[in-house]
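A quick write-up on the structure given underneath.
So that you can tell them apart, the chains are marked A, B, C and D in the order they are listed, and the count of residues begins at 1 in each.
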Amino acid sequence: MTKPIPHGKVYIWPLQQGCWCSSCFFSKKIMQQTFQQYQDCIDACLHCASACDNCASSCLQEEHVKMMARCIQLDMECAALCYTAARLMSLGSERAKELCRLCADACDACAAECAQHQHDHCQQCAAACRRCAEACRRMAA
Amino acid sequence: MTKPIPHGKVYIWPLQQGCWCSSCFFSKKIMQQTFQQYQDCIDACLHCASACDNCASSCLQEEHVKMMARCIQLDMECAALCYTAARLMSLGSERAKELCRLCADACDACAAECAQHQHDHCQQCAAACRRCAEACRRMAA
Amino acid sequence: MTKPIPHGKVYIWPLQQGCWCSSCFFSKKIMQQTFQQYQDCIDACLHCASACDNCASSCLQEEHVKMMARCIQLDMECAALCYTAARLMSLGSERAKELCRLCADACDACAAECAQHQHDHCQQCAAACRRCAEACRRMAA
Amino acid sequence: MTKPIPHGKVYIWPLQQGCWCSSCFFSKKIMQQTFQQYQDCIDACLHCASACDNCASSCLQEEHVKMMARCIQLDMECAALCYTAARLMSLGSERAKELCRLCADACDACAAECAQHQHDHCQQCAAACRRCAEACRRMAA
């Protein structure tokens, strides 16, 4: 196990990707700090997932449902990816970054569609998707 | 369809449970407002789900994992129920209340176990579970 | 810990609900057998969840989407509950039965709606929902 | 909209990726057939997700839990990705392939770890993970 290095106000141990030897494993307590760093992105994903579920359900009650079909479809896909991205980050998974990249693309597509509709739930969903896409891209960088 | 009735600053239409005739269906636009009311409980559930996932993963890195076995088990169960309660509320489902009742019980059990451990992630999880149990019971009332 | 009792081809230990003392905890290895018993219900839930997701997405592509609005809404709710029921059973959770009860009700509602539409995806979803409702009720008994 | 082309026993319309104009949108009824094609991969993902959840919970009851820590962690991550891959495929999402690629990697890692332990639940989980990784790679090809 290598030496701790200063990182902001704390010392962290440089994790060797994929190494779970007993030394590295305990050094992974650092994941607790990672969780703090991830927190912004987790919040953005969870808020976006909930906004997508709400938008899908609300679209179904609009007068012109047919016009909203693609919006509902993208809402469902985006919600599924956002919930899972939040889960992988909360679990401190090494795969979180890759999923965040995929999630950001889904958010972009959903935001582009939602933004075309004037309904409050669509505009709110578009805003949540844009914020989530940004947070996921920062995370995946 | 019955007449709108005053409710705080807005007028709402009393929804006939389970009725989806075209009149009632459109009156369900009111669900958008319901979503706002649900927002507190949705937030509490999502925060709790994420705290449980984080706690489960962090427990696995503690020195005495065996002592944490029940904590991890309850974390996994509680997270699954919290995510789903948040989803049903976001979808404006009529079944949300029943699930919130079940979710509150899972939160109680998880909080009781987590509270016995001194780790930060356990204490944070216990607090999130307690807040979520309260919010779910208010919702289910 | 009480004595093992014969159960089909195996001996099982009567689990004391909610007891996780070290004796009971290890006796819970029996949960592995429970998992086998649960398998039918897990399969029915997973199949139903997937059929609901497929039905929701396929309904959005039908010519008369508006007619399918309630079907899509119930598909989304039913899928969320079925996935989670399968998760809790796979995790050997004590709360699985209660969720199965709720899941069975959601399946009934979704089956009743889907059965009214002639589309293949609706008829397939209705059949999956009925099978799942039955399996969940047996589990919850 | 282009002409249908023969594909096995059915005719399919070549979908223009990402195009949801009214012509293309209706041609997407073909997704119903896609769902059939996806079925094998969906089944493998759902079976794997359930096996991972069962393995995680069963590991927690083993005598030497500490030895199982990495197994439980990878089970949780793999289950989350498998459920979501199954969801995206069931929804006929254009993003399903990308997620399947990520899911296959998670399955590989989980299978490699599980295979090292002699417990039935670990061996069953390793087998489910391998089958799922294969199905996901075929899908993503």
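What we mean here is this: contacts are C-beta pairs under 8 Å (C-beta built on N, C-alpha and C of every residue); 3 or more make two chains touch, one makes a residue touch a chain.
Just so we're clear, the structure is a prediction, and the values are computed from it rather than from any experiment.
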item	value
Remotest chain, subunit D as reference, centres from CA atoms	B
A-B against B-D, pair bridged by the larger set of C-beta contacts	A-B
Length of the line joining the C-alpha centres of subunit B and subunit D, rounded to whole Å	28
For subunit A paired with subunit B, centre-to-centre distance based on mean C-alpha positions, whole Å	19
For subunit C, residues that touch 2 or more chains besides their own	25, 53, 56-57, 61, 69-70, 73, 76, 83, 87, 91
Subunit B partner contacts - residues on subunit D that touch it in the complex	53, 56-57, 60-61, 65-66, 69-70, 72-73, 76
Subunit A contact footprint on subunit D (complex, rising order)	20, 25, 69-70, 73, 76-77, 80-81, 83-84, 87-88, 91, 93, 95, 98-99, 102, 105-106
Interface residues, subunit C side, partner subunit D - complex	25-26, 28-29, 31-32, 35, 42, 46-47, 49-51, 53-54, 56-58, 61, 63, 79, 83, 86-87, 90-92, 120-121
